[in-house]
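The first chain written gets the first letter, and so on, giving A, B and C; residue counts start at 1 in each chain.
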Amino acid sequence: MSSAKSSIAVTFQSVSRHYGAVKAVDNVSFEILDGEFFAMLGPSGSGKTTCLRLIAGFEQPTGGSISVHGKSMVGVPPYDRDVNTVFQDYALFPHMTVAENVAYGLMIKKVASADRKRRAEEALEMVALAGFGNRKPSQLSGGQRQRVALARALVNRPSVLLLDEPLGALDLKLREQMQVELKAIQRQVGITFIYVTHDQGEALSMSDRIAVFNQGRIEQMAPPSELYERPQTAFVAGFVGVSNLLNGELATRLTGQPGACSIRPEKIHVEPAGNAVPPRHADRAMSATGMVKSVLYLGAGSRYDVALAGGGDLTVMLQNRDSSYLPNQGESVLLWWNAKDLMRFQG
Amino acid sequence: MRSDRNLAKARLASDRSSAKAGFGLTAAAWFGVLFLNLPILFIILYGFTTDDKSYSFPPPGLTTEWFGVTFARADFWDALWLSVRVALFAMAIAMVLGTCAAAAMYRFKFFGKESVTLLILLPIALPGIVTGISLRSAFALGDVPFTYWTIVLGHATFCIVVVYNNVIARLRRSSPALIEASMDLGANSFQTFRHVILPNLATALLAGGMLAFALSFDEVIVTTFTAGQQRTLPIWMLNELIRPHQRPVTNVAAIIVMAITFLPIIGAYYLTRDTQDVAGSGK
Amino acid sequence: MASLTETTRSSSSLGRLSTYFYTRPSLLLLLLLVPPLLWLGIIYLGSLFSLLLQSFFQLDDFTGQVIMQPTIDNYLRLFSTTNLSIILRTAGMAAIVTVISALIAFPLAYYMARYAGSRMKALFYVAVMLPLWSNYLVRVYAWKLILAKEGAIHWIFNQLGLGGFLDWILSLPVIEGSSLSTSYLGTMITFVYIWLPYMILPVQAALERVPRSLIEASSDLGAKPGETFRKVILPLAIPGVAAGSIFTFSLTLGDYIIPQLIGSSRPFIGQAVYQFQGTSGDIPMAAAFAMVPIAIMAVYLAIAKRLGAFDAL
């Protein structure tokens, strides 16, 4: 095995998974690097979970090929793959204790009992559940179950760990805490994490790279900042963060060029009507005038919907700072933004 | 004003299930319960009566001699032994076939699935007499002599659904990802069956088997058509009922039959009780 | 990593067999489905088919042999006055038993679903299930004891000085009998007793499924408890009642033990089937008679399906 190959953990080559006429995954190709925290992001039914299940071996592709660490996975059942999964509903075995759950994979591999016990304990320690080994899964909280599921997968030292919306069932606070912990654990063990989620915030905060799925295809695959700053399609711009989508006549009027593009609400500056664009920005700025239709107070910031003078709307996000100019509903305003913040789409 | 109070009352009733039911409703509910359960006591009472010519109430006197008389009758023991053998065999067949069917129906989607469900349910959905006379007519057409096996054949057929129902209910309640999780962790199909599926199904399987045993042990309608001259315990009892010569003996036999079927049923109830609670709390 | 992968690859023969089936799921389905299908298909469907076949044969009265030539004589014989009255008697009894069962079952199921706490509910559940699973024959026999002329009910009525009232009831047309255990009334009580759990369970399940919020919504919208019951709860319980009635109706149609042991000597469908195949050895006629409950149930199921009974099973 060449070293170049072993640095790639998972390869998809023109992979499709069709259910009759439904194309759950439609001719998808990508590579995931060894040791990467890779997120598959998309709305439900976009094919991201199917991709995960294809890697795990629960489904077989109807076309194309998948390899894990250079090995073709055609006809290889899940139990012969060096890949483990953290399930959305955790799938802890209800008839086993926490320790038995964690040691299950080792037991199947016939690891000696003492060794098995030690490694299970270590894994539980890693997820901060030392001493919970004798409990039954039903005696644990949702967050604790989630950690057991993680320990159960990690204890086998897989080359790739698959996580299927693992934080979906947890409440917001716990979810944020687990995001930090998951990232830390991934750095500690150095295993490739493939993380399926429909929560763009989760994907942005944890991943090295994100693949955005839509209708069985990948729209864009990029590091979080690039995905946010330079979305290549309207779908990505709309799905990752909030975006003002401009096309047709509106795009021409605001940017001077036809062709779809978008601008992030927080990149738009607001001045009282009658003011001009500040001189030091004037040469590379674009502007429009309008009236504030509604104000949505969001705590740290507020969201303004502005009806433009020539028709069309723009959403603007402003920080609620005392020193800033914060317009009221019904006020006329000048909007301006830097031309470089305008995101043009390919094709 | 009045309607306000009613509204408040309705709210109260719907807030807490322990809210008071009206007297009429409570009385009607308890009437139903007593109606269902009191008659059994008469069987026990008449097992101890000194009157063996009629069913006089109250019994003129009480005695335990009928137990001795029953135990001394060889025909009673023969019938009991036949019933136990039939029930055990029917149970074994039903457990294998019922589990197979449940696994297939749970795991797969296929063409004609609804028809298969109907086929499994049919033997208990149609009146027992139809099943009985069908088997009887098939045996007649095929010149099959009545044996132990003809009884087992009939019993196993209607016992399959009991096992099937128990097993598929348990399968539906457990997370479908459990099997995937096991395979994901390196266990092949056989290891998964042994370490995950079987332990999760065990109690449901056992409960289904026990109920199948009880169902077979009690059955009389189909059996009259498939037994020929053989006598299972219920058939023996039926003959005693039609041509009694020691009436209380029938009662003693009835008490024994109840005891034998009571145990597996209570066992089955306890085995599936936990999961019922879990399923119920999810409402 | 690579060497670890090598060692985990299943190499045992069981592992290979497992992989063989895992990659061919339809083979596994076949393996699971074929044994039960063969059993039910050959033994059960085969028997039903033979029943249908037999019903078109005829018994030679002189030789006692079955003549295997198709004829519809048996079916024509079903419409004789005697046989028609047997059919009507049975169907009428099944209808009455179903109505009475529903009337007794509903309050019990309603109480169970709405008012009983978890402990009380478990008690009720056992109280309904125990008789269901107790020996059928024993339970019929219990009523023979209770309903007998010298038995408990007659005794109680006599003790209360109501013996004359009971005799008056027994002297009414249709019911007519010398004691409860030889009258249609006794037959009906026993039928209701035996099949009642089959009515209670689906009704209770249907009521249990009515979400509490629906009742709150109804009272919130101003309905009085009585109105809520009539307009919300009752319509939602109908599928449960319909499901239960399938059992009570079908089971009554096919039973021959209860009318044989308790009631007047006039036969029901089940008894007719039993006697044709037994004493007279006329299996073809018995087969034709057995088609009657099947036909009635087919019609009944079609109606019950419209009422949503199958969703409540």
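Odds and ends about this structure:
Operating definition for what follows: a residue touches a chain if its C-beta (ideal position, glycine included) is under 8 Å from a C-beta of that chain, and two chains touch if they have at least 3 such contacts.
Because the structure is a prediction, the values reported are computed rather than measured.
Each step here moves to a touching chain, and the least such steps from chain A to chain B number 1.
Two chain pairs, A-C and B-C, are weighed by contacting C-beta pairs, with B-C ahead. Centres computed as Cα averages put chain A at a distance of 53 Å from chain B.
Chain A and chain C have centres, each the mean of its CA atoms, that are 56 Å apart. Chain B and chain C have centres, each the mean of its CA atoms, that are 14 Å apart.
Counting partner chains per residue, chain A shows two or more touched chains at residues 77, 79, 109. Among all residues of chain B, those that touch two or more other chains are 186, 188. Touching two or more other chains at once are residues 8, 10, 15, 18-19, 22 of chain C. On chain B, the positions that touch chain C within their shared complex are 3, 6-7, 9-11, 13-14, 17-21, 24-26, 28-29, 31-33, 35-37, 39-40, 42-43, 46, 54-58, 93, 96-98, 100-101, 103-104, 107-108, 110, 116, 119-120, 122-123, 125-131, 133-138, 140-142, 153, 156-157, 160, 186, 188-190, 211, 214, 218-221, 224-225, 234, 237-238, 241-242, 250-251, 254, 257-258, 261-262, 265, 269, 283. Touching chain C in their complex are the following residues of chain A: 1, 6, 60, 69, 71, 75, 77, 79-80, 82, 109, 157, 159.
Contacts from chain B toward chain A in the complex involve residues 174-175, 177-178, 180-188, 191, 195-196, 199-200. Across the complex, chain C meets chain A through its residues 1-2, 4-5, 8-10, 15, 18-19, 22-23. Across the complex, chain C meets chain B through its residues 8, 10, 14-15, 17-19, 21-22, 25, 28-29, 32-33, 35-37, 39-41, 43-48, 50-51, 53-54, 66, 104-105, 107-108, 110-112, 114-117, 124, 126-131, 133-139, 141-146, 148, 150-152, 154-155, 193, 196-197, 200, 208, 212, 215-216, 219, 222, 224-225, 228, 246, 250-251, 253-257, 260-261, 269-270, 273-274, 277, 283, 286-287, 290, 293-294, 297.
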